[in-house]
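Take a look at these structures.
Presented sequentially are two complexes of chain A, the first with chain B as partner and the second with chain C.
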Partner chain A sequence: MRHDFIDRYSRQKSPIHNLSTSLKVVTAISALIVIVALPHKSWLVFSLLALLIIPVIVLSKLPIRFLLLRLIMLEPFVLGVSILSLFKEGGTIIFISIVIKSTLALLIMLLLSNTTPFEQILTLLKKIKIPPLMVTILALFYRYLFVLIDESEKMQRARMSRTFTNSKKHIWKSRIQMISELFIRSTERAERIYSAMRARGWS
Partner chain B sequence: MHIPDGFLDTKTAIATATLSTVGVTFAFRHLKKSITPQQVPLIGLSAAFVFVAQMLNFPIAAGTSGHFMGTALITMLLGPSAAIIIISAVLVVQCLLFADGGLLSLGANIFNMAIAGALVSYSIQKMIEKIIPNVRGKLIATGVSSWSATVIASILCAGELAWSMTVSWGAAFTAMTSIHMVIGIAEGAIATIVVAGILKSRPEIIRNANLQQHKLALSTKLIYAAILIIGIMIFVTPFISEFPDGLEKIASVLGFEQKAIGQPIFSAPFQDYRWGIFSSPALATIAAGFIGIVIVFILAYTLSKVITSNKPH
Partner chain C sequence: MTPAIEVTNLAYSYHDGTEALRGVSFKIQNDECVGLIGPNGAGKSTLLLHLNGLLPEKRGNHSAVAIFGESISTENVNEIHREVAVLFQNPDDQLFCPTVYDDVAFGPRQWGMSEEEIKFKVGKILAQVGIPHFENRSPHHLSGGEKQRVCLAGLLICDPKILVLDEPTRDLDPRGRRELLQILKNIPTTKIIASHDLELIVNLCARTIVLDHGKIVADGDTLDLLSNEKMMLEHGLEKPHSLQHLHPHK
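Let's turn to the complex of A and B:
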């Protein structure tokens, strides 16, 4: 089983992947600030930003299909909320510009997250003086995320091979049981991890 | 409810980021003081647990599905400070790994779901556990607090969107809150059954996981209350007086529309009085919220009764 499906592309090699993490993060944040601060109807700047993003996508060598799929997965949230702005006076323009703004922002975030391995972001957090305990918590979280996802998939498979109905009631029941079982397993695993950490001199 | 980038304007992004930074820093300091080194991996693993639990889809209707949020559940299991840190960590990773929720909206998302969610859950849980100090009380507290955390997060989210002038308060409040009042019931049911399951098979986990029994010193409580109240004051109260249509929607969701409109108690006495900055819709909202809580309490009570009577022996 592959465990790197969450951030599969973040460890590839490309000119963008090779850039320093802090440079990428600072660029992404400043671009996002520009997008947020722009008034509606700044069509020229929007298209300029889009033109700037395209070469980055090409240089990053990320599969276009993957980026589009991710974008489509996230777009319902954007559309769901922005549709509400149509109820306002002059809402159509706000609606269009919000959809453009958030799509640009989503693209920037997708590019950042898929060209930067999470552990490099952790190193950066350490550098900017985020408390070490907080970084440790985030590192443990990231490290065991894959393990827990794997565990939940095993549980789902075990359930599927034993249950022959597919009624909603059954799905709800088994998912809820999975959640409690997952928490129990997480606490047990946390105890074992603590022993292992202590055995290796962590304090 | 993860707000993407582009929806909040600069002032809202700065205000929410500031409040969240204060809240998370304070929660972190408190957590650092109250946990033993042994519990550090537990915090990380619990964050991974919430992340995975949120990935499980619950089919609703017509091909749509929802997912679990878990703030109130984690508050019940590990206390408010741990819950704030855990849910914030989940939101940070969702943002950085999945682009789910914007980077500049992270402050707002953390404030709505982690900080306000955990603090509202904690106060409701403590209140109910004090009134009903047994297992059933714990279950009812989990159910009611899950619903409240979901609803408060959606109200704050609507306020932030309205403050950013992205949407009108009426539309945002009506749509967000009425949907989340329904979603909250599912959230409450899931969390209650999960707590019941843990209590049934491994009761010692809840006892051991209790970070110092979640007791907060008075000063901690006051600081938390201040953070929550400042947030609500900034994002919600400016709008609360200008949405006559919002209440009707809540009323219809709760199924007392006819009564509320028909009965003079609701409309007449409040219509002409102005209580400071609160005009009549505010009071009516509070009344609607109160009735909502009562209904949810009854639901949670029934569910806990079913669960506790189902137990073998």
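Let's turn to the complex of A and C:
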């Protein structure tokens, strides 16, 4: 698995990448608040926002294919939430609104995370007095996400090299075992990390 | 005679463009035990992953690796997994079952061996690797050396024709290391061992391949190569202590 699958393009150069972190974060968050606050059926504002995003995408030089693929990857979550509204009276319109709103929001977050290195966002969060514990949690999350991906990939590899059948049942069974083992290891690792942090004076 | 492993002009780059292997070629005969040495990042692990078809991710029509004369392809990769067993660097990566028994039985269960026979075989193999009666233990509470042996047992129970070992002594204490050495000596299959433990290579392998920057820089008799101090230092290695006072022609 590529290590940079979340923010592969965050360290490139483009007019958007060069903007100050605080400007990007503030803009992104305000845009999110606006999107969330908008009533359903505000089609005009939706399209206006979408139009505003297009030049940002162009200027940021991010590959369109990458953005689209990431959106498609995230879309199931959106659909999972919004699909419930279909069972309501007049639900279709609400459904479409929710899908549009969340897609816009996702696109904005994708743009932010791929034009701003994560540690800069963290520095900003510290500066604006977000509780340090929360910043630490975010930092650790980002750091160990990749360790976890690595670990699951290595386990996957070891399992594959001892797999001699194509039986789906077998593959799913060992996959489930692997996932549960990954959970156990994550908690154990968390304990080790915590003691290593304390050993170096963290409190 | 068909070589057990034949690698022809193998090249591999990671996603980010880093060239891990550039044009590696060698043959290993049946029943040979070959050491693979080289500095960190030389491409040893990447090379080993090619030997049982875990890499490359995308397989073209032509594979650079042939096992017993058969080029690795999407069709035969399952058999290749059975013929070529890999012991990974970190035993924790390999052990994902709740008990030692389940983990060792992971292979045989796939080809439908009866549970009774599996039980018998697991017991036998665990004794062979020096941890009898460990069946019901839970892998994450074992010591490093014990984990290593469980991994080895899980491989040996499948009767592999080729055993590929990546840093087998990394986490072992001297006793564990010595015992592993004995176990490996008693396994008659073709072996390829990647390690920084040069004394282990001297002890086990008659032939050694030196890899650096993704290329083979030397391939030959272990004692000749490893006592070549200049070459060893050039490639981030050193002449092992046991060869320090050895007469060059023995």
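The rule is short, and it goes like this: the second predicted complex is superposed on the first by the 142 of 203 C-alpha atoms of A that agree within 3 Å, B and C clash if a C-alpha of one lies under 4 Å from a C-alpha of the other, contacts with A are read in each partner's own complex, and residues count from 1 in each chain.
Just so it is clear, a contact is a pair of C-beta atoms (placed from the backbone, for glycine too) under 8 Å apart; a residue touches a chain by one contact, two chains touch by 3 or more.
Since we're looking at a predicted model, the values are computed, not measured.
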Check your understanding: In the superposed arrangement, which partner chain does A:11 touch: chain B (first), chain C (second), both, or neither?
Key -> neither
Exercise for review: Could you say whether A:184 touches chain B, chain C, both of them, or neither, answering first, second, both or neither?
Suggested key: both
**Study point:** Touched chain A residues, chain B compared with chain C
**Key:** B
Exercise for review: Applying the touch criterion given at the start, work out whether A:163 contacts chain B, chain C, both or neither, answering first, second, both or neither.
Suggested key: second
**Study point:** Partner chain(s) touched by A:155 [first = chain B, second = chain C, both, neither]
**Key:** second
Point to revise | Residues on chain A lying within both footprints (that of chain B and that of chain C) | key: 151, 177-178, 181, 184
Review point. Once bound in the complex, which stretches of chain C touch chain A?
Key: 15-16, 49, 52, 54, 78-79, 81-82, 84-86, 88, 90, 92-94, 96-98, 106-107, 109-111, 140, 154-155, 158
Exercise for review: State the interface residues of chain A toward chain B in the complex, per the touch definition above.
Suggested key: 6-7, 28-29, 32-33, 35-37, 70, 74, 77-78, 81-82, 84-85, 87-88, 94, 98, 101-106, 109-110, 112-113, 118, 121, 131, 133-134, 136-145, 147-149, 151-152, 168, 171-172, 175-184, 186-187, 189-191, 193-194, 197, 203
Review point. If you look only at chain B, which of its residues touch chain A in the complex?
Key: 2-10, 13, 28, 32, 37-49, 51-53, 55-59, 68, 77, 85, 89-90, 92-93, 95-100, 102-104, 161, 166-168, 170-172, 175, 190, 193-195, 197-198, 201-202, 205, 208-209
Review point. Considering the complex alone, what residue numbers of chain A touch chain C?
Key: 2, 151, 154-155, 157-167, 170, 174, 177-178, 181, 184-185, 188
